[in-house]
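Sending over a structure as structure tokens; questions will come in a sec.
For reference, chains read A, B, C and D in written order, and residue numbers begin at 1 within each chain.
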Amino acid sequence: MTIRAVVWGENVHERKNKVVAGVYPTGMHQAIADALNADPGIEAATATLDQPKNGLPKGRLDDVDVLVWWGHAAHGEVEDKVVERVAEAVWGGMGLILLHSAHFSKIFKRLMGTPCNLTWREAGERERIWVTSRSHPIAAGLPDHFELEQEEMYGEPFGVPEPLETVFVSWFQGGEVFRSGLTWRRGAGNVFYFRPGHETYPTYHDANVQTVLRNAVKWAHNPAPRIASVNDAPNVPVAKALEPIEERGPRLHHDGEEGYR
Amino acid sequence: MTIRAVVWGENVHERKNKVVAGVYPTGMHQAIADALNADPGIEAATATLDQPKNGLPKGRLDDVDVLVWWGHAAHGEVEDKVVERVAEAVWGGMGLILLHSAHFSKIFKRLMGTPCNLTWREAGERERIWVTSRSHPIAAGLPDHFELEQEEMYGEPFGVPEPLETVFVSWFQGGEVFRSGLTWRRGAGNVFYFRPGHETYPTYHDANVQTVLRNAVKWAHNPAPRIASVNDAPNVPVAKALEPIEERGPRLHHDGEEGYR
Amino acid sequence: MTIRAVVWGENVHERKNKVVAGVYPTGMHQAIADALNADPGIEAATATLDQPKNGLPKGRLDDVDVLVWWGHAAHGEVEDKVVERVAEAVWGGMGLILLHSAHFSKIFKRLMGTPCNLTWREAGERERIWVTSRSHPIAAGLPDHFELEQEEMYGEPFGVPEPLETVFVSWFQGGEVFRSGLTWRRGAGNVFYFRPGHETYPTYHDANVQTVLRNAVKWAHNPAPRIASVNDAPNVPVAKALEPIEERGPRLHHDGEEGYR
Amino acid sequence: MTIRAVVWGENVHERKNKVVAGVYPTGMHQAIADALNADPGIEAATATLDQPKNGLPKGRLDDVDVLVWWGHAAHGEVEDKVVERVAEAVWGGMGLILLHSAHFSKIFKRLMGTPCNLTWREAGERERIWVTSRSHPIAAGLPDHFELEQEEMYGEPFGVPEPLETVFVSWFQGGEVFRSGLTWRRGAGNVFYFRPGHETYPTYHDANVQTVLRNAVKWAHNPAPRIASVNDAPNVPVAKALEPIEERGPRLHHDGEEGYR
């Protein structure tokens, strides 16, 4: 079964900044989608901020298995409705991969419930990424560590909830460390944050990074049918209780009434 | 050191519903605060929805160690600004206890990043609460289980992220189960959800429930100084790197510039 | 790729107890293996305590993807060497599914590092198993709950470490609850405990239980190559450090020496 | 209430190696105990391998709140009975702090259920320890990072189960990273592993390290009464079931019989 992925990119610096345009002439979203499509088991399309409804109109996510998100300069321009749409898709079972500066995207902060902040330095320094969870599916085919000769530094503390698993930890030349690969589950959706990917460096052309991207998409894919009613809180009437009970005591709600929200 | 607690109550049904007013003549918030104040190590005040700024104006949370939250019928009336104020206090180190129908409060959903939904039935049935984490501080002084003869049923699946710890699991007469006591950390703040407490029953007059409330407040208290700048993402300039590095490659940001958000 | 499973059964009560022999005429291990083999993606064989080396001689586990373990009356007869062999296979990436009374097996206690105790009652009472993690792969194809009309009761507290995920929680007719489906990772190996399966009841003939077994085997399968040297603690000599460093200060160890254990 | 701590040291290199004896003239255990005793809320004694029963005879742990463990060259000489005694005390509620090379101690491997291995280099290189969990009690009073100018390197992957919390991550001059402060719970006992402390360097004389040690002891202290019967698996007879049930179907066990182990 082919996994249907969409790579969302804000596509701002690729058009405004010569350096970024030089590194990613077809856009970062396209470079990432190309890396995914190198795997015959993945079929990756793209969506960008400048498209109508930020490229994610109603219905678009219905048959998306995994969404990959890269944003940086224009987090604030993503419509709140779109953010909510993505959140509901995740709760229903869609996988979500957040890349690099997407740590400050609305959708990541929405799903984490924390500030998602960190320290940073843009100096083109060396990053060395260590696998901390041996044989984790997201690390399949990787050596025990790999290097990116030039990257932006992100440093701890990383303002996120304790993850389910820590898959990667980064070493930086300037003296910092960062938990670079973390997993969570939100509803039925698998969520993975992966640190590297500053737009002025050729990170998404790196073979090991591309391996992580493909692995992450496969890991995040939940083959279960999408849950439609992710926010439902159904009442179970006394008459339908699984064990026979009788109603006792006072009540607030009338029969058939919905609960408060 | 005395722990400074505030019990926030929406105080709606206590005024509009005779049954609830009968069970909690001084309001649920006051009953809970009284239970907390029975411990000399806790000093509990109250705040209610009908007060200016929902009872939580700017500055009110600055010297609150733990906030206890009960809401049901009026979640939507809590101002978004107040919700954000509470979230920031939690990230900075304030403890937060969510009670019963607060599962659908704005602040709980905000911190969890999930729908926080469940199934329910209002039939005054028996609930038996089992301690699943022996000798957990929140279960101090409790027997291995205790009963509430009349409670509303909440059933799984409970739409929350995997907790740090599962402290209680409930058995319901009608055949359901529920993870009734769960802990998380959000930023520097300890968060605890405790299921019992439907307003038409005398749950908060129960001795075991009161023990849980007091334990939870003590557990949630983080004595560290409140973090002021919970959303900061400081730049570390090359010149101040902990290990000597030289700037290499292209840059997006100018010296002294703030990062994107 | 077919998943290679082995179902280990102690095969004691099936031979000594008429009731058990009647329910599982070919042995519980065979009944479980048959249920797994109903899935074309799984190829399940069996191993039993009475075989040489408890059915798991050196090398047997080398090409086993997932081991399923059922034991009860004869935990003490499993050789410690065999237990260690299984543990090393798990750390290297083999999946392990522990069933019912295997909570007290040597291998489960070895991997958990805790007593793994619980309360129990053999009364043929009703068990209702609730899915607590919607759309979890181990719950694929299940309804939101299912019942076993007759089962042994296991009650909380369950003496295990906090799991990665709680997949199932059970309700018992006699008033107890139990976290019936829990996941952990030990080294590169996925571990799942599933509660039902008392030998005097036809639990492993139940369609929903069989679905869980097949799902669990697929979930536990780690396709990564088995890690051979699970206990290695390699020295990284100064000359091979990834960043240039000079040796400073006193040393305990000579060049090429192994570390202490 | 004063916390009663015992610092266990193997006390081997302090007596055999001139360098170590020079750094810790009264033994590492005594240096650590002295650091703990600087806090009026802690009363720390010591125990060493060369004492009868490895310094931990039956009964010694009964009134110990937190045990601190440092071992390296003589892990194998610790009696298995003593290891089991410590494990049972932890399950019953005693806190346990494992230091540095104690990653390979019998008791740590016993409680983790994993190999607890890592990579290492003894070069006296710089270690920088970053706080990853802001305002965690174990990090109270620390800056956001601190340095040890000379330490042994430990590198990932660290062969332990996913922790409850990651409190510290280390950066090493030679290019590695390590999760240096991790918490777990085993039974009712809080467990903390803290990486620094190679015997040829003055690590335990460092003010920040001493702060961590004192914080960790306070964090690990569980004031609940010690659980005596940590391995019990009590039968709940039908007649004492909390909800009325009738015995149905066949049974293996006779009334009053103990369960299998």
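Everything below uses one rule, namely that contacts are C-beta pairs under 8 Å (C-beta built on N, C-alpha and C of every residue); 3 or more make two chains touch, one makes a residue touch a chain.
Small disclaimer: the values here were computed from a predicted structure and weren't measured.
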item	value
Chains touching both chain A and chain C	B, D
Chain whose average C-alpha position is farthest from chain C's own	B
Residue-number overlap at the chain A/chain B interface, same or different (half cut)	same
Chain centre separation in whole Å, for chain D relative to chain A (CA means)	36
Chain C and chain D: spacing of chain centres that average the CA atoms, whole Å	27
Distance from chain D to chain B - Cα centre to Cα centre, in angstrom	31
Residues of chain A engaged with two or more neighbouring chains	128, 133-134, 155, 159, 162, 164-165, 173, 175-176, 185, 187, 242-243
Chain C-facing residues of chain A, complex	93, 128, 133-137, 140, 145, 164-165, 173, 185, 187-188, 222-224, 227, 242-243
Chain C - residues contacting chain B, complex	128, 130-134, 144, 155-159, 162, 164-166, 169-172, 175-177, 179
Residues of chain C that touch chain D when the two form their complex	13, 17, 19-20, 72-76, 87, 91, 101, 104, 110-115, 117-125, 150, 153, 155, 159, 161-162, 164, 173-176, 184-187, 198-201, 230-238, 241-243, 245-253, 259-261
